[in-house]
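Going by the order they are written in, the chains are A, B, C and D; count residues from 1 in each one.
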Amino acid sequence: MSASVPSDRLGQPADAEPDEHHLANVRIGVRLLSSGVVFLFMAFTFAFWYLRELNSNHDFHPANVNPPQGYGIAILVCVIATAIVFRRARSELAADHEQFWRPTAIAGLALGCVTFVLQIVEYLELPFKTASGGFASVFWGWTVVFIAVWLAALYWMETMVAETLRRVSTDGPAVPVEAADACLVFLYTLAGIEIVGYIFLYLVK
Amino acid sequence: MARRVALTGSVAIVLIAAVLFYLLDFLFTAPPAISAVISGGEAHLTLQTVPSYGHAPDPDWVSYLAKDQDGHWVHTTIYKVPAHTLVTVTVYQYDTATGLRNPFLGQVRGTVGGVATYNGKVLSVLDPNDASHTFTVPDLGISVALPGVNNNAPNQCSAAPCPLSEAHTTITFSFMSPGPGTYRWQCFVPCAAGFYLGNGGPMQTLGWMDGEIEVT
Amino acid sequence: MSAVAHDAGGPGEPRHGVRIATIWAVATAVCVPLMIWVVGPHIPPYNGSLQTKEQHDVNVTLASLAVPILLMIWVYFGYSIAVFRQRGTVIVDGPPDTGEPRIQVLWVAVTSVLVLGLAIYGTIGLLGASKGAGGGQGPNPLVKPENANKILQVQVIGQQWLWTYRFPQYGGVETPNLELPVNEWVAFNVTSLDVIHSFWAYELGVKADAVPGSNNIAYAKPLRLESFQVRCAELCGIWHGHMNMVGQVVTKAQFASWIASQDRKYAGVTKYLPPYAPYYYPVPLRRG
Amino acid sequence: MEATSLPAASTAPPSPIWRELLGNYGLPWAVILGIVGYIVGHWVGVRITVDVQAQVETDQNDVAIFLGMIFAIFGWLGGLGFFSYPISRMLGRPPSHSEREDHGPWRYLRLCTDHKVVGIQYLVAVIFFFFVAGFNAMMIRSELTSANATLVNAGNYLTLVGLHGTMMLMMMSAGVLGPLGNYLVPLMIGSRRMAFPRIEALTLWLTVLAGFILLSAILLGGFPTGWTGYAPLADQARGGIDAYLVSFFLIGLALILVGTNVLTTVITMRAPGMTWNRIPIFVWGLAATSVLAVLAAPVLAAAIIMVGLDRTVDTSFFQAPEGGSPFLWDNLFWFFGHPEVYILALPGFGIVLEILPVFARKPLWGYRLAVAGMSGVALMSFMVWQHHLFVSGINANLRPFYMFTTELISIPTGVIFLNGMGTLWRARIRYTVPMLFALSFFFNFLIGGLSGVFLSDVPSDVTTHGSYFVMAHFHYTIMGGLVFALMGGVYYWVPKMTGWKLNEALGKLHFWTMFVFFNLTFFPLFAAGLLGMPRRVTNYNASLHTLNVFVSIMAFCLGASMLIFLVNLVWSLVFKREPAGANPWESKGLEWMVPSPPPVHNFDSIPVIAGLPYTYGMPDAPAVASLGPPRVAVPEGGAA
């Protein structure tokens, strides 16, 4: 599908300034959506502490239900690494080092994909199924929703990488730095959520 | 202008058709009512409980069936009974035991003499773990637990209406019908397989394990 | 565009403020006593129990407090609709006042004081003589009557579409009908076997959600020998509206003979009942 | 509308062959791909769970229904062409703001990023689903004319109540943000479009799809839980509950997106000169609502995901015997529930305070107080949710706290009355239809608010919780408050949106019948509640029979009065079409300085705002904005 030729429908030449708001909108929009996502995971966090405290029928966390610590750490590290690598890529972009921005951004995207794959593999190797108590439910609920939201982050990084690779004109940065900043805000939010999730899913007994 | 009239008219017709479909196909659907057989000043009701109905729309659902005036098994739970007469109920029970959620309902209540005959034995309390279904009319204080067929009985019935040749238990009891009115009745054993706590689907749908006794 | 009549409240302008205030004062002076003494007594719930008396008093107080506020708004709006009208066809603008900080501060202050008062009043009602005003207070109630564990305990078991009651102090007998001694404290331990119901004894002013896996305690002290309707106040499935029964408040002696008769009547099934517990997890647990 | 100076603008290649053959993206394709998606999803779902015993026995495979609906959503969005932009972005093309828009009536059945088209689409959708839910209400009242279940059997009655409640709340939460928000916010803050035009169209089509998915609950056997969807009952219900969950999830998603869109537009795209205290009060109302929508809807989405997992993969979030707890749903749902009811109330405040100055010919009295009031309501609505659970047995020691916060929130809510009274002081009131609705809002919301004070008091709440008293309270605040305000907004702004006047006589007839019969319908229900009639029941004791028959008759008259509104809309907008001109109400709002209906680009050049649009009674005050020279053949560039 080709990008439509931006012409005003009534044949009048388009106005000159609609684009100036785009980056400001993305900046505000990502902060709003990130706070929405934080509330989404706050609901799961509340579910964990609430069910743990109630521990109805002493079946919240049966002894044999233990998440694989190895995968937990691996996913945590990958999520944080994605954020750090992409932050590095952003500073390259800001410093107009086009040649460093490209590989670092691709590395960030790759790390994101690794995180996704790791989570899927963890599901296959998971010792407990969904029907083993409140903790297992919260574990599955949290990780499934996190991976779904993580896909949105991957999509965003992918669009920036694709836009860089496809560049036609060479003046100015491949991707507006503000767009990279906005994506970073989203990545920081998800990294923070993953840290909180890691603590109560893997460490708290 | 004519085009606009036609457009608005056609939209109106489509909407009215949708409303009628919604009303007739969903809201006002109710199982047919059958009336008890009257003989010699007494009313007789013959019911049957099957583990799975076996036909559309829900083949796997557990259900009651009732014999109408001329002896055909009808898939309904709405029974018409004359007022202030002795009603004798015979239930052929084809399902296996699931066990009562509230053991109290093993107690036979509200029947003549406070007893019911299970395969010939007269009892006033049934062991809750043997119960497969109940016939309970809470507003009238009537409650009779129906024992189940043992699990490994040979010829178990799987599709309604089940013939008497297949494994079943027979329960008979009688009660005095009250003044005119509509009284809901239901099964209190969580027998809706596949639903959480066994209380979904057929247990919450008129015509399967819930019904009304219309006293006229 | 609209012509502007800049009438800055000249001498001919009637003193609207004073008029509105007087109308309001007269109306309040008439209506508040009307509400307290004439309408008030008819506001349900009536005096079936200590709890309904508390609820009745709260309702009457709130109603008689609401009357002046209601009248203030009605009189003001009625007056402005009648008097501050556009006269003639030419559209004339009113005075350009955009806000009086003093009035705003006064309004917020008055409403805050009113609200604070209501909250304190409600809390006093909650913690007062009615010991929780008949509402369910969960496993460890905030407010208990004196020697709470010696009063009559009634376990209310809600299940999909029937209320049954167990009496732990009388051998754990379970019965579908309920009789209570008059002028005695009773503790309802409300629980459920499947989904959320809500035990509502209307005339006793008791309402407590029946939640599976939790014991919800509500206190009541019936005061009159009357029957009370029991209904389910939380949607629980097809027969939610039919989960009704009628209980009876009887004298202490009648209660003793009734509970003994229930013991005899249901002796057969009592031995099958699970041991008395604040809540039950009945089989089948998984899907049936 | 794009500036031609985009960095990598490429001329559009000729449309691909398949596009010519199959015709364009649009509603027909959306419906076809939606249905095909459901069939494929259902088939896949059945294949996946062929060995899961629990799913087989219920004759209705929840996994298959959920998968079917998810595929249907993707089919619907694909058919409308929503995936073409993300795919082009993933292929590296630069962001663009407008789909290929063409004019003519068919753009209303297609993905169109013009905020005015989306506004009208929303209005039609909200009114359509409002009437569907209203029809359900008529069926409920006709069932309640008899003291026990006669017309509709008890099981279907619960689906009826659930459909009425859920659809009304779904449509009313987007009821003002959608139509009036999308249409008017750009016009009132001097911008050409919303911040994210494509997301705006997405929220519309998600809302429409959610409405139809909820209606499909009938085909899946209905759901017994009502709009609150309480926990173990939701786990246990038949297939219809899946339709309820998916449609409420879509509405939650649409709420987050429309909230983000409106709030971002207000923050970044105000015309030069429009400082924070020059924003019209209606836009403030929507901004406060958007904050609530963005933060509260995700909690609902999480709770719905939990029930979905409980029903499909056998987790036990809400199953007490398995380590879950029904209280979890209570808390999560009402944590969303109370901000939701303020998402319903705040737009009503915004509309009324916008209409009042115009017909009282006086500036809005206490503008800053109104803004503070709305923000106060938005902030505190997250701290009151357990007043729905006073008798549920959850942490009894917090009762006084929640009683206090619930009483506290009535202060900012009460501020609206002071604004109204101040604006009417020595005003020059014109009794046009919008003004009648605005004034009746105060009458109804006063009764709703005071009954709310009763409910927030625990001793009084013990009898009234879960009874018809609560039902009358929230009908007074939502129908008496929001729907009356929305009707006022429709009568006030439809001449601007369509360019045609709504018939004044029919409007007044509609108002008076609606106002009288609304009060006659719902005021007696306070008494029914206090006399012990629980909500959502088919049978009540005989002593309430005459009261219920009276209320049912009044409800039918209320339904008839809503039909008058429909007749007025169809008559005035389809047949009579009497032109309304740019400013029929002599208002000073910015949206009234452009022709009605406004041109696609709203303003010839971005206006410079001079002050608040409430300068009534100030003859020397400048107009709210200077629009700059009208657009000539070749405009000399952008904003003045």
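Quick notes
Note that in this section a residue touches a chain if its C-beta (ideal position, glycine included) is under 8 Å from a C-beta of that chain, and two chains touch if they have at least 3 such contacts.
The model shown is predicted, which means the values in this text are computed figures rather than measured ones.
Ranked by C-beta contact pairs, the top pair of chains is C-D. Using the mean of the Cα atoms as each chain's centre, the chain most removed from chain D is B.
With centres defined as mean CA coordinates, chain C is found 38 Å away from chain B. The centroid of the Cα atoms in chain A and the matching centroid in chain D are 30 Å apart. Put simply, the C-alpha centre of chain A and that of chain B have 53 angstrom between them. For the pair chain C and chain D, the distance between mean C-alpha positions equals 30 Å.
Along chain B, residues 184, 193-197, 199, 204-206, 210 each make contact with two or more other chains.
In chain D, the residues that touch at least two other chains are 53-54, 57, 149, 154-155, 224, 232, 236, 310, 320-322, 325, 327. Counting partner chains per residue, chain C shows two or more touched chains at residues 194-195, 213-214, 237-239, 242, 281, 285, 287. In terms of which chains touch, the assembly is arranged in some other way, matching none of the line, ring, star or all-to-all patterns.
By the definition of touch given earlier, these chain pairs are in contact: A-C, A-D, B-C, B-D, C-D.
Residues of chain B touching chain C in their complex: 98-99, 101-104, 106-107, 109, 124-125, 127-128, 136, 138-139, 141, 184, 186, 188, 190-199, 203-206, 210.
Within the complex, the chain B residues that touch chain D are 1, 4-5, 7-8, 19, 22-23, 26-30, 57-61, 182, 184, 193-197, 199-201, 204-206, 210. Interface residues of chain A, counted against chain D in their complex, comprise 1-10, 12-19, 21-22, 24-25, 28-29, 32-33, 35-37, 39-44, 46-47, 50-51, 54-57, 59-62, 129-131, 133-138, 140-141, 144-145, 155, 158-159, 162-169, 171-172.
Listed in rising order, the residues of chain C touching chain A in the complex are 213-214, 281, 286.
Chain D contributes residues 53-54, 57, 149, 154-155, 158, 224-226, 228, 230-233, 236, 320-322, 325-327, 360-369, 389-397, 399-400, 403-404, 407-408, 410-411, 414-415, 417-418, 420-422, 424-431, 439, 442-443, 446, 450, 453-454, 456-463, 465-467, 530-532, 534-541, 586, 614-619 to its touches with chain C in the complex.
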